[in-house]
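Once you scroll down, you'll see the structures, which are given as structure tokens.
Same chain, two partners: chain A is paired with chain B first, then with chain C.
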Partner chain A sequence: MSDVSLPAPSVMDRLTPGTKAALLTLLVGALCLALESATEFLPVWPEAWTLPVTEWIGVSLEWLFDIIRPAMRLISAALEYPMVWVNWLLVNTPWPLIIGATVALGWYAGGLSLALMSGVGLGFVLASGYWVEGMNTLALVFVSVPLALTLGLLIGIWSNESARARPWIEATLDLMQTVPTFAYLTPLLLLFGFGPVVGLIASAIYAAPPMARNTLLGLQRVEAEVKEAGVMSGATRLQQLVQVEIPAAATQIMIGVNQALMAALSMVIIAAVIGGFDDIGWEVLLTMRQANFGQSLLAGLVIVVFAIIIDRISARMATSRERFDVRISWVILAVAIATSVLAWAALPAPGDMAVLAPTVEAVDGALTSFTRSAGATLDSIKNNAMFYGLLPLRIGLDGAVLPFTWGFSWTANMSYALFAVAGALGIAVAMTGRMAFGMCLPIIAIIVETGVSDLPWPFVLVGLGAVAWVAGGWKLTRLVVILMLLIAISGLWPRAMLSLYLCGAAVIACAVLGGLLGLLSAVSNPAWAVIRPVCDMLQTIPLFVFLIPVLMFFQIGEFSAFLAIIAYAIVPMIRYTRHGLVTTPPEMLESAVSSGATEWQIMREVRAPYAAPTILLGLNQTILYAFAMLVIAALIGTTGLGQSIYIALGAGDVGLGISAGAAMAILALIADRIVQGFAEERRRALGL
Partner chain B sequence: MKSVLLSGLSVLALAGTAAAADLGDTGTPIRLAINEWTGQHLTTHVAGQILEQAGYTVEYVTAGYYNMYPAIGEGEIHAALEVWDSNVPDLYYDVLDDGGVVELGDLGLTAREGFAYPAHVEEICPGLPAWEALNDCAMQFATAETIPQGRLIDYPADWGTPGAERAAGLELPFRAVPAGSEGALIAELRASTERGTPLLMVFWQPHWAVSAYDVRFVDLPPGTPECYEDASVGPNPNATSDCDFLPTRVFKITWSGFADQWPAAAEILTAYQMMTEDQQPMMGMVDNDGMSVEEVAAAYIADHADAVAAMIAAATE
Partner chain C sequence: MTASAPTGTPAIAVEGLWQVFGNDAKTRLKDAQGRTGSAPDAAEALRDDGLIPAVQDASFEVKEGELFVIMGLSGSGKSTMIRCISRLVEPTAGSVRIDGEDILSANAKRLIELRREKLGMVFQHFGLFPHMTVADNVAFPLKMLGKSKSERRARALEVIEMVGLTGREDAYPRELSGGQKQRVGIARSLAANPDIWFLDEPFSALDPLIRRQLQDEFLKIQSTLHKTIVFITHDISEALKLADRIAIMRDGKIVQIGTPAQIVLNPVDDYVREFSRDVAKGKHACLDSVIETSDELPEMPDDPKLRIDMTLDEALASCMSCYQHVPVWDREGKMVGFVHPSALAAALQVDPA
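Presenting the complex of A and B:
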């Protein structure tokens, strides 16, 4: 929202886009409220206006499946071979050899620190007793990742070659990343048949987009001179690509490889829901089902260890050309082989290890005693958050204020008073020149009084459309309105609003809390040293694990779901805020220091504005993460789209699963495009 | 442990007087589904070891309970031995209608579902286990989301909403909140037991948590089929569902090609029974005493060697 206001002939021209948007939203909101009691169709999207889209999708997909199923089954059968081989190899290779080989690779790529980390990490996996399950998991990752990499590379090259296809490819990649995997598990199961191959394909679908994006980015950044050199030497397009451009883009492509590996690992647990494969994900599910926190934490940490080792080694190989003495690697490997051969009979079977059993019990016991001792405090935290925060936001003050909660009943007069106060405040603020902000106040009052889940649909539609217009012009508005209407027509509007409310609340909390933590991490190195590993763990551990303590502290319901979403979605907000704040160019800082600014002034006047686009990008990621977590939060009893996806999964209802997944992707996409629009504007304003 | 393992197989050996059959294709392993809970693991491993003793090879395949039916219909998994009628997904009936699976009769588990609470709740709401007591105690069970009603934790939404239906039928001042997952139900039980807080939930047995957390069932008005069809039956003259749950059927299913490929195995699985009183202590041995499922199943087979031999003989000779 720029504050540029040039003198112009008419009043409308003098208003900034933000002000116009807020004005329109406010008018529609006031109109809806005024007509609410008089009309039937305003408060809720009428039943008669919905179409059985869900059923149509189900029927047409099943028709399609019948046609392509034979071909898919062939692919599935073909993929099973490498899967079985890799699995056999990993499970039957003596464990000292696998540990030795990893340590040797760690040394070669990153020296002592990486070698040590690999050794300690895999030692932990061995001690946990989950070695065999862990190897099964790795087999899945090692087959799905090459698949994802090939797919991603080809998609990336294609979108680099064809400017016309690019927008469509990007939209598809967005969908691959935002439609929750749970939504397409049933279709995949029907198409590819039962077994680990379904998990493999699901994780390949999820892991391919980062590879494609990085490939495209890398190819686009190849310098013009390099390209010209190839053209001058008379190479064909293919030769040019393979021999010149791809090698030039190698570093960026390697980052894609790293990201694809991480994405595939994070999908392991979700693929386990189908079963067919005795892997770590299945173990996490079993222990989660018993609410056995200690044991599920242990199983979850095995995945974290794999993720960290794979991430650090592949990241180092991607970004640094430095390599350590390969002879030492050979020595390590030789020692491992010797141990395996000589001591094989004496070595214990990896599945029998239970060194950590006492620790596991201690962790579980600690959870129990904490729950017991802090019960009353936890309850009051939850009740306060529900009564004064979440409930009013969901069902509005008019529904949430009751004698049991606030001590009195909400009356219509209170609504009028609230609107009057908000209106007066808004006018006062607008008089000071901040028109748009002033008009937002009564809009907020309307939302809080009515509650997000009860908002009249025209208000939501116009409001979102208006924000989209400010962020990205008419084109974005058209997209947003059409997509939202699609949700409404398919009859998913009420559930979508519930999801929007829960995600919205969590994102606001993440933005405030994550922003503060990011700021703290930026100014204090010790704080970052503590926060960083926590962030790493939150991003890689299967989040199912944390549902147990959250549930024991705060019981089934929205507050638990709210916390679970925050735990996952806050990470990018912290990371990007810190990154934005610490990467301010030194020359900007120097000029501020020389002009005598205090530390705090520098933060506010120099660092923060410079970091704004980066922080907005972090917010964007936070929103996407929050939607991703919504499905998992349904396991603790939320009622939005996430639950629809589970019901569809249980009932094998392809249509409902896909359309609820698509609705969720739509909400995520809208949020993504709007925030990106604002980020783009900020970047332009900064001249970046 | 011998004392608890009296009944089981001796009963079924008498039941298993089916016609003798060929072993069939012993070269191909029979793939048995392993679902997400311990009781099912035991049921399956005991059956699997009987099949092995009869001369078959058996493979145990982990399979999601909700997603395994198409796989069974296509013969990728050959049998699932503990299917609960109370939360079988629609997908099962689709596959059954297409002729992909065959039911092999009841397993023998007497399953009970009902409104349940951990024992200490009787101190908070003294009238329990009589269901009428819930009318007066509802506020004790209230939480931020349900106030002014009490909170009743229902099954996860994908298992159906039996709690909400009965609370409505009995006009109890309770709001049913879907649990989301079985883990969530157990976590609630754990927290409630540790903290001594009130808790009312829809639960079932046999389940390991019933003994671990001393779970008790509310005495609802007797459940009869009439009560679910005729509003006038039951305490509320204007509603159905105003009574206890009907007993749940737990049954065995196989792929429809199973009996052709392994005729004797089909006979064995048809005759196979697992009783609640046998399964419950075995679950304790696995979940509380840390024994492996295979060990416990093998011990069970050893204790019932005669019955197992008779059962195999009846199917093959």
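Presenting the complex of A and C:
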């Protein structure tokens, strides 16, 4: 800028970026509303402007698939062998031996507590009668995980070695983790043919990124001087990697192994939707469809038990150096072998176990009677949430307010009154100096009146662009606008808005509820002692299992999906909020205390601002979790992109599957970048 | 001073060394040198371009068996300098010759050979391999050399004994104190018996007591091994205590090279003077810095038995009552020159700041 500029800063110069963005959004929103009836292309993206992108993708992929299919079928056939072998081995190994081996491993890694947990857990699986199905699932995991680990390790090393390839690899990993799980399945199904191998490959692909990421992270975190010491000792690059850097990064790499195991298990369960394999995920799905919830809960618990045992043992081996007396492990194993050999004939077949059958029936009965007696209450909870919360958010007050729900119908005058009140309030707030916040009030009024799914597209586009500009400048704005236009052109806009609405509603609920729970956990240790294991548990459970309890009480529908998303996505919000609030540096607290601040003042003035970047990262995780669950929730009735992906899977429509999956990934990516932008800005402001 | 005659090639010869960080540094350095002419101007031009000239036109030689200390504050480029000489970073321009061999043009294979056989390095934060025991850490360079397991173990124990860590050979680095860790670092750098020893601020991360103890032991080891050493530090008293010669660095440039006495007694500019201000000169400068020689001996009635390696403080204390020139003797009792007590006192004068 030259010195010919204005003598005094103009009004525009004095506005903060946030205020400018809000102002622009508000103007566009008002304009859209005013012209809504006059123009046709404003409210909905015109049909004529869309391109048959979905079909193009479908046709070109099918063409590509036709070429590579023979090779892929070969791989699939090759993978079939180890899978069948492992499966045969697991199913035919006497169950006392498997339990004994697991308990021995549990003892070695974590002592009595892990040994007991393994024993009781597997005992429960045996008693449930789902032993064979469980072993089928584990066989898939045990074949897919080594694949994923090898793949992940190689990718991690490659990106560490090649600075040029690194950004591309990282972008691909981002994509692999944001593309919804179901979206993987359709192309794989077409490529590899029907059968469990698809689940195996899908889970190997899904589990490789966390391994690759942790490998890269670990290698990068090896101290520079340790690497230099390797170089100065005259090690070749290969010797440096194998003898110095990889062993020095072992802890982080083991964390990658743990995450890959969990991801693989989760994906194997999800892949059960394809069917064709008698595994535990299929069992859950089947019993859920039959509304046989007692049984479904039992199968779900078997999955949870597997998840917890695998997670705790592998996590302990990754993070703790302590190992317990290996001789005791050998003794346990010897006893197991002896039992298997001596009692070979007398052992009951694991599949025939029905110890828990009466319990299941009792639970089923209790559930039925509970839902019958409390049905009215449950229904009213659901209906209230739908009529007064979710529905207005989706289709707007002008659509949701009807005589039979709210007792009156919405009129145009009411809209004007709403806008007038919001405008007046907004101006009042703006006068107190909080300009940006003041402008947001009328914007919120517009959203509530119109409903997310009916918002005029220019308003959404400009609004998202403006937020992106505040969070990350022009570069981010350009990215966001281009990506959103991509969705619009491919004709997926309405579905994307529906997904955005459900996700948005769930994220808001998570932010408020999770934020409060996080605050509570930060100030009260007893509360954290209760909340923490619940969080641990929720994070270990594969996505699929969340559907069972919500279905039991609220049947199929949007509200159940909403609850399932919240249950899964709330955990990071709680954790990060608490973590941010309790990790304030002690000297900051001491200087606040010595300035005479009360507990509450410290919380508001010191802890909260310091925690802001961390809490924003938690919100970011919550958003990504919500998108991931949204697709799974499509199984129990949501509209939007998740449903499209699910339909595509059923119909083998690879074009729709890929493009809907991409659209979902785009939404997640946009949310991720914007929130990261804000977090980065906060961190910089705090000098972190 | 040791009376070793100057043998032909120096152990390390650095000439016109530049390390510039930034994109396309090589061509832009050449360009800047072409445009400006002098090194400081070229550095200025590079800096204006957004590049970082961390080492600028450095030249010096290290003799065989010499303990050469490079001293400077943080950001002065001393760490980059040692990484250039050891080629842990690729210098932008200039030459580094070790025993006459240009190591900047050595290929990857030759470089590995050099590092295996000729070079050893100690790091500020130890750089120990966290997954190896003390013995395995120390034996690592030997493993790279392809030595057998028993040979490695035997040699490792030998070096571990030299640094006084016997009994700890099977401990892991995480179980050691800072001082012990650096003993391992030193042992590892000596395991393959290199000729050239690089030490990058080896004692800076240790607390003062341990630091002094390790400095003393380091001197003791050096007095038996006679390595050629490049030693980096930011601590002037450490530099003065250990060095045969010191190079002082500032903003990427070497501003002065000299013996401790020269640095203390004849600082080349205010920056160097500022360093030596707090240093008691009499403790660091020796008689050789003030000695006079002449074919014509002055009258010398007293002989307080001054020896050439006495510090100025010691010398002054022994000739408090002399008012005329006194003779100076070497260790063997041969007279090497003379000094006037007033010259001693004058040399001890603190410079006006």
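Following the convention adopted for this analysis, the second predicted complex is superposed on the first by the 635 of 688 C-alpha atoms of A that agree within 3 Å, B and C clash if a C-alpha of one lies under 4 Å from a C-alpha of the other, contacts with A are read in each partner's own complex, and residues count from 1 in each chain.
As a working rule, a contact is a pair of C-beta atoms (placed from the backbone, for glycine too) under 8 Å apart; a residue touches a chain by one contact, two chains touch by 3 or more.
Not measured: the values here are computed from a predicted model.
Novice: First (chain B), second (chain C), both or neither: which does A:250 touch?
Specialist: Touch status of A:250: second partner only.
Novice: By the touch definition at the top of the document, which applies to A:478: first (chain B), second (chain C), both, or neither?
Specialist: Neither partner.
Novice: If we overlay the two complexes on their shared chain A, which of chain B and chain C does A:684 touch? Say first, second, both or neither.
Specialist: In the superposition, A:684 touches no partner, neither chain B nor chain C.
Novice: State whether A:223 touches chain B only (first), chain C only (second), both chains, or neither.
Specialist: Second partner only.
Novice: Go through the superposed model and pick first if A:234 touches only chain B, second if only chain C, both, or neither.
Specialist: So A:234 only meets chain C here.
Novice: Report for A:604: first if it touches chain B alone, second if chain C alone, otherwise both or neither.
Specialist: After superposition on chain A, A:604 lies in contact with neither partner.
Novice: Shared contact residues on chain A for chain B and chain C?
Specialist: Correct list for chain A: none, the interfaces share no residue.
Novice: So in the complex, the part of chain B that touches chain A is made up of which residues?
Specialist: Those in contact with chain A are residues 34-37, 61-64, 66-71, 74, 76-77, 89-91, 94, 142-145, 147-148, 153, 156-159, 177-184, 186-191, 194-195, 197, 208, 287.
Novice: State the interface residues of chain A toward chain C in the complex, per the touch definition above.
Specialist: By the definition above, chain A touches chain C via 223, 225-226, 228-236, 239, 243-244, 247-248, 250.
Novice: What residues on chain A touch chain B, complex-wise?
Specialist: 185-186, 189-190, 193-195, 273-278, 282, 285-286, 288-291, 368, 371-372, 375, 382-383, 386-387, 391, 402, 404-405, 544, 547-548, 551-553, 555-559, 634-639, 643, 646-647, 649-653
Novice: Applying the document's contact rule, which stretches of chain C touch chain A when the two form their complex?
Specialist: Those residues of chain C that touch chain A are 83, 86, 88, 112-117, 119-121, 123-132, 140-141, 143-145, 185, 188-189, 192, 198.
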